[in-house]
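Common to both upcoming complexes is subunit A, partnered first by subunit B, then by subunit C.
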Partner chain A sequence: MNTSYRIIPCYTGDVSGVCSALFELGGMVVIHDPSGCNSTYNTHDETRWYDHDSLIFISGLAEIDAVFGNDQKLIDDTVDAALNLHPKFITLVNSPIPYLNGTDFEAICRIIESRTCIPTFYIPTNGMHDYVPGAGAALAEIAKRFVSVPEGKKPGSVNLLGVTPLDFAADGSAESLRETVERAGFSVHSCWAMGDSLETLSHSGEAAVNLVVSAMGLPAAKVLRERFGTPYVAGTPLGSFSETVFASMRRATETGENQFPLLERLNQTDSGIFAIGEPITMGSVLAAMELPGTVLCPLEHCESLLNKNTLAVVGEEEAETMLKNAKVVIADPLYRPILPKGAKLIELPHEAFSGRCFRKTMKNLFTIDYDALRKEASL
Partner chain B sequence: MKKLAFYGKGGIGKSTTVSNLAVAFAERGLKVMQIGCDPKADSTLALRGGAPLTSVLDLVRAKQPFDLQDMVRIGYKDIVCVEAGGPTPGSGCAGRGIITALDKLRDYGAYETYHPDIVLYDVLGDVVCGGFSMPMRGGYADQVYILTSGENMAIHAAANIAMALENFKDRGYAKLGGFILNRRNVKNEDAKVQELSEDFKSQVIASLPHSELVTDAEELGKTVLEAFPNSDMAEAYRNLAAAVLREDAVC
Partner chain C sequence: MLRRLGPTVRTPETAGDPLFPQKLEFNPPVHENWNIVHIAMQIPELHQIYVCGVNCMRGVVLTAAEMAASERFSFVLLREENVVDGTIWETTRDGIADVLRKLPALPPCVAVFPVCTHHFMGVDMESIYRSLEQEFPEVAFIRAWMDPIMQKHGLPPDQRLRKVMYDPLQPLPLKEKTVTLLGSEFALEPDADIRRVLLKNGYALRELQDCKTFADYLRLAEGETFLITYPGGKFGITQTAKRLGRPCHFLPMSFDYNSITASLGELTDALHLEPLDILEEQKQCDAALEKARDVIGDTPVAIDMLFHPRPLELAKLLLSHGFRVTEVYLDAVDEAEKPALEWLKTNALDLELHSIILPEQRVADRTRPEKTLAIGPKAAWFTSTPYFVNVVQGGGLWGYAGIRKLCDLMIEAFQNEKDTRDIVPRKGLGCVSCI
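After this line comes the complex of A and B, so read on.
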């Protein structure tokens, strides 16, 4: 039972991670699912539905088709819809039933692609992982398939990788990030994936450096590194920490080496100060508050972002144990019930954790007054 | 790297034949990897001389970290032996297990690390569900060989497998390399298997005699090629290897 969740919720799933990452890119995403709790993306996990349309579908897998392994309905429906809607690409997303059935998505993609002449690919999800691997794999696939070989690099230009409302939910966050980076003298080449089209993303190979602002962007950064040699920096430019991030970006451009300013920065574990959540943003929040502390990372595929001050935490019980001497915790409000008595909680709602519960008080990480936040935290 | 999958009715002689074939390839200086895709995990027994090998799924089940070396045993003539394994009999999903095991092998870089010239998948019985078609899917085997005798049940199973391959034509799966007749000395054996192969516009690439040496070698825990290298049966397996290589070059 020690990895189960009794009190706090679990994070948004991999399926929603894929959809969130691809929402604005003009593709068509089909979740192969009976319209159960793995396709909540279409009803719960996306706040952009209010203002935007996107071609995200649920296949409506029927029990009998699952039993017989009948993939024809999925193929025909997808081909039909695609021929009517002309998406830029088609993405198939897996869920527990077809996963356990061993449905061959690669083969199905091949058939759909040959019938529609639209690039079709599969993102291997199964509904049993969190949004980081889902969104990460989706952005990485875009980096593999759609980014063209550049003629040259544009000095001072940067791609922002790993931007979706799951980690940056407050309205205007993506714009603020863009402004912050441009104010520092960089030109933002593209933002993966809010506010830019697939066409814009396809020129990302020209950027001199990639800025990975959340773990969702890391796999794409690795692909771009491998394909074009572009170095990346893992850090979110928040408050006073921005200067460090920008310095790392310059160093990355000069040396060609990837930079992990967070791993260098935090080096005190017993301060009683904790931040919980996505490790790049939360590490950057702590750094911006200029507080020593430990980041607890409950998310998958973050191994390369961990060190002695950024610890993986699996399940509620482990989180409770690790937090037992906590004095100050910066986290989503829904973490409150597992904090020790007397610990102070600085609330930073996280959409991938509490969904729309705190939509009204959702903070734009790029405009927070981190000095004030530090004072709030002062013991 | 050539990847070949062997299918056929339960008990028809897949593991025996594939293991002997593996040795025949190795004798020709090829680096061979044999992957048992069967919950019984007994495909590579004769190549390991009784040395234990933990199946991939047993490693997964133990929920302890493991690495590639743990999934593999280097057997006779440096043949790389792997057993997929399966869930506890009577529970779970054996087909899904095969998928997980093959995914793990790929994720752990088995093909890149051992760099075999030939990979042999020894796949259980009939293609009963999606999982057992995994070895014939895109990225796995290029050719499927189907073992059969002249017994009706064996022919029926062989036809089902060939049919599955035909149904998956547009999916980019493996191609049917041909049928291998493993004799049981029943009436009209050659004619029946010949007819089967013609039904699928394919051919019988080799016929293996029914031989006591096979069981004798099995008793010794060895392949025929190791135990009785100069026998006619050993020669029959070598001829099969030659036929497979010829076939494979053609396709």
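After this line comes the complex of A and C, so read on.
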């Protein structure tokens, strides 16, 4: 059964994805949930919680309010907190019971916005999807609501889309990405969403190209494409693959067409080499290692990123089956129990899978020596 | 003089009932309390299976991973289609069975945790258990829940877990001069008053923490009398003792001399034991408190309710022995703490009672102008101090010896810095932690 898991964990959920995406933007996120969503998020999915005072709360939904449809408490409590804490925006996030109840979040948002005069919007989650749709929808909403129409494009400038600790948890990752891109002659206009403010993001329409470094950034890229015609490139500039990504960015700027450099990646489906995880980063890892192999993508909303060498996988059992002839697997260490005997595991801890279990040894994808990694993987 | 006024602070005099209103909730980065995964893992050889959506699952599955117990934890993921197409019963039942078939060996005991969604979908969990028990007759299924939506007007999941986790215990012949103490995640300290008075009278004390095998766990039912010290275990163990036909005594962990003496009296009367020398115990406590006071002096002391279920009693004890208690972090005042609160109203006018979870606490000033001693990890985080007593849920402290041990811990904490940032986010104090 693809719903039963004997030993590996699940990925970060959609609710946490929203929180992670919006963490640094000065808003207030309210998860309409009884308990646990905030604790789960800030314990396992958020590296910044201890040191940064981001306004993320739960509503503490009680049975009686859920049964009797008392939305007034959520409204009053949210308004009360917002008037005390002055966030730049308010985001409501759903969880399983309000989802089942059909709570009208759009209406609730309108009421809250009218009472607080603070932009208020809903991100449609329900706690039953992974982080990619959650974070993706959150960043897309920022792109829809807060990015202003530019007077013109700034040549050579780029927005980095889909950057949160869920896929880039190692200390300094966002800074390394920025440096890597700038070393190639581009100017980083904004980073969605680490290290830049909502104000900076609001000028993103000026960038000449968008670089989507994880699937979380894809919906925002599509919004920016639709609103301002900005082309995007889906790829993470890692190791020797960086040059391919940068060439794609130049091509996108010149032609105005979106680019998918990962499609040019080496392909040999029977190589016995697999990478598991978020498809853009893991595809880029394989490309940087200059190894032919297959990416197994266990995440949702990645259909447009799938191809002959990037395959969807649903559940532990299917993953185990697809890996049965694996010789080398590049993945989070918590995949080890389902690997076939004799398969070599190249460990790349992934926050969105193992949380903080390996945080102290988390690798900065932008500073890894991919030649050494290829040698480690040599069969 | 209050340093921090606002909606998140009360004084004993302004403490209403409830102490703070229920609003949005903030979760500080302090996770040393035991959650339902840690609690259930105490049963040897038990396997846990959770059935819920991915966002709820994440917290429990990684709890197990962090405590290096992934091989004793499995789950069934509820997807959106399962709750909209009417297949939640089948997904739950068949998923649990599928997990059990995939395990290398069938465990003797399985704790199943359905969630709020099962309540709201009206899933007949009992029929699922009947079906599972038919297919796996050798397995004892524990009917647990992870349903926090029920906790505002009823008992929280952990308190109900402390009942159902003892449901596999069956009546056994009484073992004389054996007492079973359950309901706390921490074994009593070796010199705790209860342990000493029992040993002095030739009694054996059995706790869950002593059990190495499932068979050991089943033998907990042999105790002639059941004891509870942790209030979070009171409901569950009282029910268990009643079902097994054993007398049961709630001897609450406390910092009040009268309360401790009354509890010891209840125990010695019930079992006809020779008592401890209460006056001598109190005299030693006073000496220990005086020694700690001499070391700690006028240093501000902050206390939290994660350290102990009776933080106000502790504030009273310390204030009445000359300590400078300035802050207590708690969100509610337990009925048992009302006398301590009354005392504080007339004897500690400036004491600050701080909420832990109100949203404004996210941006509360966590700097303090002088060295602060915290008793409890949440107080340590809120005051940004490296000087703190790292104990949760009362630990194994009990009675007069518990107070003396606390004095030692306070001195140790005052004299030695701890790495607060590394320690307090770890889950389940005392459990293995891989982070």
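Following the convention adopted for this analysis, the second predicted complex is superposed on the first by the 371 of 379 C-alpha atoms of A that agree within 3 Å, B and C clash if a C-alpha of one lies under 4 Å from a C-alpha of the other, contacts with A are read in each partner's own complex, and residues count from 1 in each chain.
Methods note: contacts are C-beta pairs under 8 Å (C-beta built on N, C-alpha and C of every residue); 3 or more make two chains touch, one makes a residue touch a chain.
Model, not experiment: these values are computed from the prediction.
Colleague: Since both structures carry subunit A, what do subunit B and subunit C do when superposed there: clash or fit?
Modeller: The answer is fit.
Colleague: Between subunit B and subunit C, which one contacts more residues of subunit A in the superposed model?
Modeller: Counting residues of subunit A touched by each partner, the higher count goes to C.
Colleague: For A:R110, select first, second, both or neither according to whether it touches subunit B, subunit C, the two together, or no partner.
Modeller: In the superposition, A:R110 touches subunit B alone.
Colleague: Quick test of understanding: once the structures are aligned on A, what is the angle at the Cα centre of subunit A formed with subunit B and subunit C, as a multiple of 10 degrees?
Modeller: In the superposed model, the angle at subunit A is 90 degrees.
Colleague: One more residue to check, A:F23. First (subunit B), second (subunit C), both or neither?
Modeller: neither
Colleague: Scan A:Y335 for contacts with subunit B and subunit C and give back first, second, both or neither.
Modeller: Neither partner.
Colleague: So, does A:N84 touch the first partner subunit B, the second partner subunit C, both, or neither?
Modeller: second
Colleague: Contact-wise, after the overlay, does A:L100 reach subunit B, subunit C, both or neither (first, second, both, neither)?
Modeller: both
Colleague: Pick one for A:H129: touches subunit B only (first), subunit C only (second), both, or neither.
Modeller: second
Colleague: Can A:W49 be said to touch subunit B (first), subunit C (second), both, or neither?
Modeller: It touches subunit C, and subunit B stays clear.
Colleague: Can A:P34 be said to touch subunit B (first), subunit C (second), both, or neither?
Modeller: A:P34 contacts subunit C only, not subunit B.
Colleague: After superposing the two complexes on chain A, what is the shortest C-alpha distance between subunit B and subunit C, in Å?
Modeller: Once the two complexes are overlaid, subunit B and subunit C approach no closer than 5 Å between C-alpha atoms.
Colleague: Take the contacts of subunit A with subunit B and those with subunit C, and give the residues found in both.
Modeller: 100-101
Colleague: State the interface residues of subunit B toward subunit A in the complex, per the touch definition above.
Modeller: Those residues of subunit B that touch subunit A are 93, 95-96, 99, 129-131, 133-134, 137-139, 168, 170-173.
Colleague: Using the touch definition from the top, list the residues of subunit A that touch subunit B in their complex.
Modeller: It comes out as residues 69, 100-104, 106-108, 110-111, 114.
Colleague: In the complex, go through subunit A and note every residue touching subunit C.
Modeller: These residues of subunit A touch subunit C: 1, 3-16, 30, 34-40, 42-45, 49-50, 53-55, 57-64, 66, 77-78, 80-81, 84-85, 95-97, 100-101, 125-130, 315, 334, 337, 354-357, 359-360.
Colleague: Subunit A touches which residues of subunit C in the complex?
Modeller: On the subunit C side, the touching residues are 7, 22-27, 29, 31, 52-59, 61-62, 65-66, 70-71, 73-80, 82-83, 91, 94-96, 98-99, 102-103, 115-117, 119-121, 148-154, 359-360, 362-363, 421, 425, 427, 434-435.
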